[in-house]
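Notes to accompany the following structure.
Labels A, B, C, D, E and F are assigned to the chains in the order they are written; within every chain, residues are numbered from 1.
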Amino acid sequence: MELIALLILLPLIAALFILFSHSNILQYLVTSTVFLVSSLSIHLFAFPIPSITFVFSSSLETILVIFDVLLLLFFMYQGHLFRHRLVFGLALLQLLLYLLVEANLGSGDGFSLLMDRLSVMMSLIINVVGGIIVIYAIAYMKDEMISPFKKRLFIAYLLIFLSVMNMIVMANSLLLFFFLFEMTTLASYLLIAFRNDELSRTNALRALWMNQIGGVVILMGTLLAVTQFDTVYFDVLMSHSGGYLLFAIALFSMAALVKGAAMPFDGWLLGAMVAPTPVSAMLHSATMVKIAPFMILKFAPVLAGTLLGGVISISGILVFVAAAYTALSKEVFKEILGYSTIALLGLIMSLAAIGTEDSIQLAMVLIVFHALSKALLFLAAGVLEKVHHVKSIEAMKGLVQYAPKSVFFIIFGFMTLTLPPFGLFMGKLFALQAVSENLMHSPWQIIVLLGIIIGGVLLTLLYFKVVSALLSKESDLQVAQSETLLLGFSIPLLLLSVLIILASLWLFKTHSALPMSYLLVPLLLLLVIPLSYRMLEGFDRTTEYHCGEKETFDSALFYFDMSASLVRAMYWVFGLLFVGIALAGVLS
Amino acid sequence: MSFFKRFRKKSPWILHYNAGSCNGCDIEILATLAPKYDLERFGVINTGNPKQSDIFLVTGPVTYRSRERLVKLYTQMPEPKVVIAVGSCTTTGGVFRGMYNVEDGIDQYIPVDVYVPGCASSPQLIIDGVVKALEILENKNQEIEKPFKLFGGIRQVGTKTSRRDMAKKVEPNRSDDDQS
Amino acid sequence: MIKAMMQAFTNLFKPVHTVKYPFEEDVVLPKDYRGLIEYSEDDCIFCDKCEKACPPKSIVFYQHPDGSKEYKYNAWLCIYCGECVRACPKPGEALWQSEKKPLSATKEQDVNNEWFVWQRAAAESRENHAAMKKAAKEKKRQEKES
Amino acid sequence: MSALMTLLAPILGGFVYGFERVLRARMQRRQGPPMLQPFYDMFKLMEKRTIIIHALHVVLGVLHFFLLWVTVGAIFFGWNLLYVIFLHLFSLIVLVMAGYSVRSVYSHLGANRELLAMVAYEPVLLLVAVGFFLQSGSFEITAILQDSSHLMQMPLLFIALLMIIPIKVKKSPFDVVEAHQEIVGGVEVEYSGIFYEFLYMARFLEYLFIYSFVFLFGGDSSILGGFLVLIVFFLINLVDNATARVRTADMMKIVYFGAISISVINLVWMVI
Amino acid sequence: MKKVVNIPLGSQHISLLEPIRFQFTTENEKIIEVGADVGFVHRGIEKACSETFEWKKVGYVVARVCGLCAITHSLSYTLAVERLLGYEANERIKYLRMLMVELDRIHSHMLCLAHVSENAGFEAMFMQIMADRELVMDIQEAISGNRVQFDYIAIGGVNRDVTPELVNMIHKNLDELRPKIDDLMERFSNNWSLSLKYKGVGVLTLDEAYIYNALGPLARASGLKTDVRAESSDFPYEDVGYEMIFESSGDIYARNMVRLREIINSITMCENIIDNLPTGEIIEKVKGKPEGEVVVRVEAPRGELFYLVKGSRKNFLDRVRIKTPTFSAIPAMMEVFKGSEYADAPAILASFDPCMSCTAK
Amino acid sequence: MPIRKVEIRLEDMLDELTTFYDAKVWHFLTVNGIDLGDGKIELQWIFSKYGVKDETVLFSAVTAYETKVPSVVSLIPSATLSEREIVDMFGVEIEGAAKGLYLDEDSLTMPLRCSL
């Protein structure tokens, strides 16, 4: 119990301190906070205790209502301020729905917070990965051209956000969940608009209205729960069966899809990439968007074997393929990462919605490794952006020559996303196995299987297209000055890399039937052969073959653009699928 | 190493460059690769890539524009290598000897090991030349072979040997110093 | 495509087109193959017509001071057009085109740069000889005059 | 036995390649090189002076070869088939990285085509593996080989596999990766001497890799497996001699609309 | 969001026999812009023809402009000089010259077809065509004594006569060749992979052919009916069974078909020529020195070859102007490249059958 | 082959050719130059007719080397290479025709001029 409170309150208190303290002690404060919360969640994870619950007192409930209304009013104000009708309208709709829910609220009792294995795991990710990102953010913000207070504000935002995230994964009350969901919306709105220019503003508003759709469907689901089942608690809701239960779940799942930026809502996550890199890393790849698969995972026991589960699974896997393909036409590094995030979230949701034991396990594994790898990639991308001032992959050509260390981290990140023996690869491997095993009794999963395979190779194509840009370097006769990486950058990167390797080893040891030699042989090769690097000093260096011509080759990459009509068709399909989820909920 | 030496002549890979010939010899080279003469009997592959070739088959007197390419390709070939000049214009300039845009034979720029006569050299002559070249190839060592004139030398950068400048054109008056 | 595959298959059982040159000399050169230019000094009348007719100047006569001429022929410069034979007043005796194929030269033979030297030497010898003759003529004339 | 096979894998592949060169020459009514030609080439490459562009390029190329060797070894040792396919993917990715790491246009184009080809055949390989799984209930190669022949149950998957073999062994109509007349060998263009040898031998290993998939269709009867391999080997060479190279886009279309769809049909048929 | 890649093709490239350099600007391998450098083979023959070599020798020099169409070069030059000298060859000489030119056309077209298949990645076809081509090469070697540079045509006639054994051999080889060409025609039209590679690729439309003055098989494949054999009265082509061959689609396939059908037509013509060989001297003495200005057009395998010779009664000519077929084909070629894939570029290039040594002289 | 030689002045060349040239009737052969000595050059534009026997027309204009020659590329797109060739070989100046088709900087310039 106290542990939960600590997890939630510690970051909040630290944030307050930071706001009103001197900048000098900033890093110590943050580091110690992060260390504390991380060790807390590790402790929780390592020593499982039966689920912890917590009941809000009525005063707390009242405060919650007030906050909720204030929040929605703030959104309305923002909509009004920037003359954005959609934002305004959606906020108004939510306010009305919210009031309706409050009016119909029954008297059923339940736990407001509930911490089960899933929540523990999520909070572990949030605290460890998120914590590392916060530490990184200190170094990142150091030479930003803003006032010290604003810098501290930024860090404080991130810490508050940690606390919010910790709470959301434990939320059991639908109303609390809605509030926190809207809080994350607010957080991404504020942080995307942090640089406060035209582009950030439009993107922030877009993120706002798209996320509010999620809010609307959650409220509709809550209304359904309140009216049909007379409860606002997840656990109670899910113990019911029949009736409109699946419709409510379908509505919640739609919210998950919105949060996970599944197509057709991919616009907001892409827009979010204008935010400072730690924000992108924190909100839009490593932690916040994880709410989406988290929600599906929460409903997985109910979804398993239903039509609704099938539809969600299929739309998830289609998102996987479509996002992977769309990313192939993108040029900005962070956008590519964003799309690959969308794709992988789609995969995770798809696996979660299948709802067998294996696939749920897998989804969780994938969440962990995705968070780690994506955080690593985003942070490394931040370094490139900050230190080397490159954003587009076109500008990154041959960067390995000038920034070998950061490039190493990026390549390592991509390798962990695709190749054996790293976790994400293992996840895909097991996913294939799991789906193949299911194939016998549910043949429709062949679509999922095909999706995993094709999306997987497309993502590989994508990643190594990017790597190619980084790698294309000139002959190594020119001696480039060695790159010095700031400690504030290199420590988070290193930490993440080590974590990935450790987690992979752990995964391999515990979760797979494969013998250890499978892992060791390629690893050994990976370690030994690069040692011969030094031995190559004496060989003659020469120029590349260009048909005997003098000119040097300026490498450019390949982009696989979809035609406009195809894109339109794709969005239509996904839009219909999105509606189809609700329909499937009604039908089943 | 001497064990492997004998295999050189069993797998000569060819790079063909036309340095301004009338392409009479070039089509004959093509004909030697075709079924009737089938150079692949000797293990020949027409690689088209200097870095993987052992035999440099050049046709044509060197024209002004092609000489830099000629030298560049030559320097990109790893030793041991042999150069075969195919056709009379390649060996000595032939009928083009003395024309204003022609450099009277490729041995003005790169060391030539075998001179194949004929205008145009028939496939038999080309095969003879290749066979002769194989004997020469067997007795060569790995020493770097340099082009003759107008081009720079080899540079040491740290512990690395750079061949990049070998094909770089230098000013005529400085060429003597740089070769040493 | 099926037909081509069938053809490839049947090709396996057909004899190969390849001739085993140079292991077996069964590439029969046709009659009147335009091979090496051959020369017989005994029959030559040193009219220099072949030298003049040769497009690439691969036949050069070196003028010895004693009046005799030395025939020099570069098989690697020759384009085997046969123009010299057609120009020759005694074709087939002094100069003829044989059916032998020319041989390839090696680096040691230095067929290119040596020929530059030769050409220059031959041209010089001509000039010298002409000058000598002229001088002799002049001398004779002077002698006559005197 | 498996260890010995693994150790001798490049030599075994060399024989296959050598035989294929002779076969191809005969199909074109040429005499062709001697059978041992690949080994002559290997030995020759060993003592060429080595010229490199930069060290990273070389290291990645060598890594490719050894990873591929491990992959082939993994097949001989009867590892998990999915894992084998992913190991193979790993080795190719390393090759692609090598191809991109030099500023050479043909190397880049080759690496790019290598990636595209991978996108084409990887799904088919995985689907074939899934087919085996449905048959024998396990992804372990040893288990797959204990079943009776799989040919009857998965004929379409076999055909799909046949369609992608030309991509792997770089034969017409799908030899876009190498495409000598267009991109001068693609990825391997900047390698020379002993480092080229690694790539040259990697080609032998590719032969073993892909033909062992054919062998798996034989199931517990190794005679049937060997027979299948022979037939397929022959067929692939016949097709090579009867077709021109298609464009990369066409290749993708053919593989996706042809091979993958028939594999899916076969899988559905097996499931139902 | 597309970026461009510059892909060089040449000057040394395995798909090229001769040095020519293309710089393709491509988007995802799709060519959007082409730059070409054609001057690698420039040797300065035009200058040498009027300054270094006497007019009698020039025939051998211009033959070395190009090895593939050497015979047409020496023929055009000889015709020009003969006209300047006021000499007209007898029928036998004309027939023999025609025979050689047509044989040369057969071997050149076959080489081009072989090269097109090679560049399309069809090695077996390349080998097959090259093997069949040896039949023609044998005839040429037997007639002229050399496989490539024939040096057959001299001023005032031809250097060698055709003997009865040769006539038999020509008949035998051509009879053997004809069914093979028919077979090739069938394979070029029916092979699945070749039609993917050839049909609709590298299209030169009729309008483009007019605008860019395309000529030879290239123009005829687009439906532009031009052939110097029909447009000049130097040789009695109509008597030996010449017919103009053209297609309309203008793609690689059409060019191949034009070449194949021209080979058949040439075989017919060769057979007619040796069957109806008139009697007469094969070489006649020509007196005098060239004077005046004259132009000659001859249909080389690649199209129209044009010579302008000006002389003024001296040992050296005033001007020899050579304009070769490929020279005209290059602007059309550059146009065709745009919009096609880089993967098709070598095949398109080969289908134009460019001859750089002709172009740059 | 009889040729029809039309003598024109260089200034009128473009107009003459514009009225004369029809892409579907006339086939452009080449631009030719002949050195006449004394710093004079004769430029020739040569055409032949499609489908008609022995019909060749030669437009000839005599000019000094220094005169700037108008380009016919706008009229006949395929004349680019011919014009560049003339520029290289004679060192005349033609609008829009770049040097360096055949010759590099270090090779002989203007090889076909008599004085050289």
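By definition in this document, a residue touches a chain if its C-beta (ideal position, glycine included) is under 8 Å from a C-beta of that chain, and two chains touch if they have at least 3 such contacts.
Because the structure is a prediction, the values reported are computed rather than measured.
The chains that touch both subunit C and subunit E are B, D. Under the contact definition, subunit B and subunit C share the contacting chains D, E.
Minimum number of contact steps separating subunit A from subunit F: 2.
Distances between chain centres, each the mean of the C-alpha atoms, put C farthest from subunit A.
Comparing each chain's Cα centroid with the centroid of every protein Cα atom identifies chain D as the most central. Sorting all chain pairs by how many C-beta pairs they have in contact places A-D at the top.
One finds 24 Å separating the Cα centroids of subunit E and subunit F.
Taking each chain's centre as the average of its CA atoms, subunit C and subunit D sit 55 Å apart. For the pair subunit B and subunit D, the distance between mean C-alpha positions equals 34 Å. The centroid of the Cα atoms in subunit B and the matching centroid in subunit F are 39 Å apart.
Within subunit C, the positions touching two or more other chains are listed as 1, 4, 8, 16-18, 55, 79-81. Residues of subunit F in contact with at least two other chains: 102-103, 108, 111. Counting partners per residue, subunit A has 475-476, 537, 539-543, 545-546, 548-549, 553-555, 558 as the residues that reach two or more other chains. Checking each pair of chains for touch leaves A-B, A-D, A-E, B-C, B-D, B-E, B-F, C-D, C-E, D-E, E-F. Contacts from subunit A toward subunit B in the complex involve residues 475-477, 479, 537-543, 545, 548-550.
For subunit E in complex with subunit A, the touching residues are 1-6, 8-13, 21, 28-29. Interface residues of subunit A facing subunit E in the complex, by the touch rule stated above, are 329-331, 394, 546-549, 551, 553-561. Contact residues of subunit A toward subunit D in the complex are 398, 400, 411, 418-420, 425, 429, 432-433, 436, 439-440, 443, 446, 449-450, 453-454, 456-458, 460-461, 464-465, 467-469, 471-476, 514, 518, 521-522, 525-526, 529-530, 532-533, 536-537, 539-546, 552-555, 558.
Of all residues in subunit F, those touching subunit B in their complex are 102-104, 106-108, 111.
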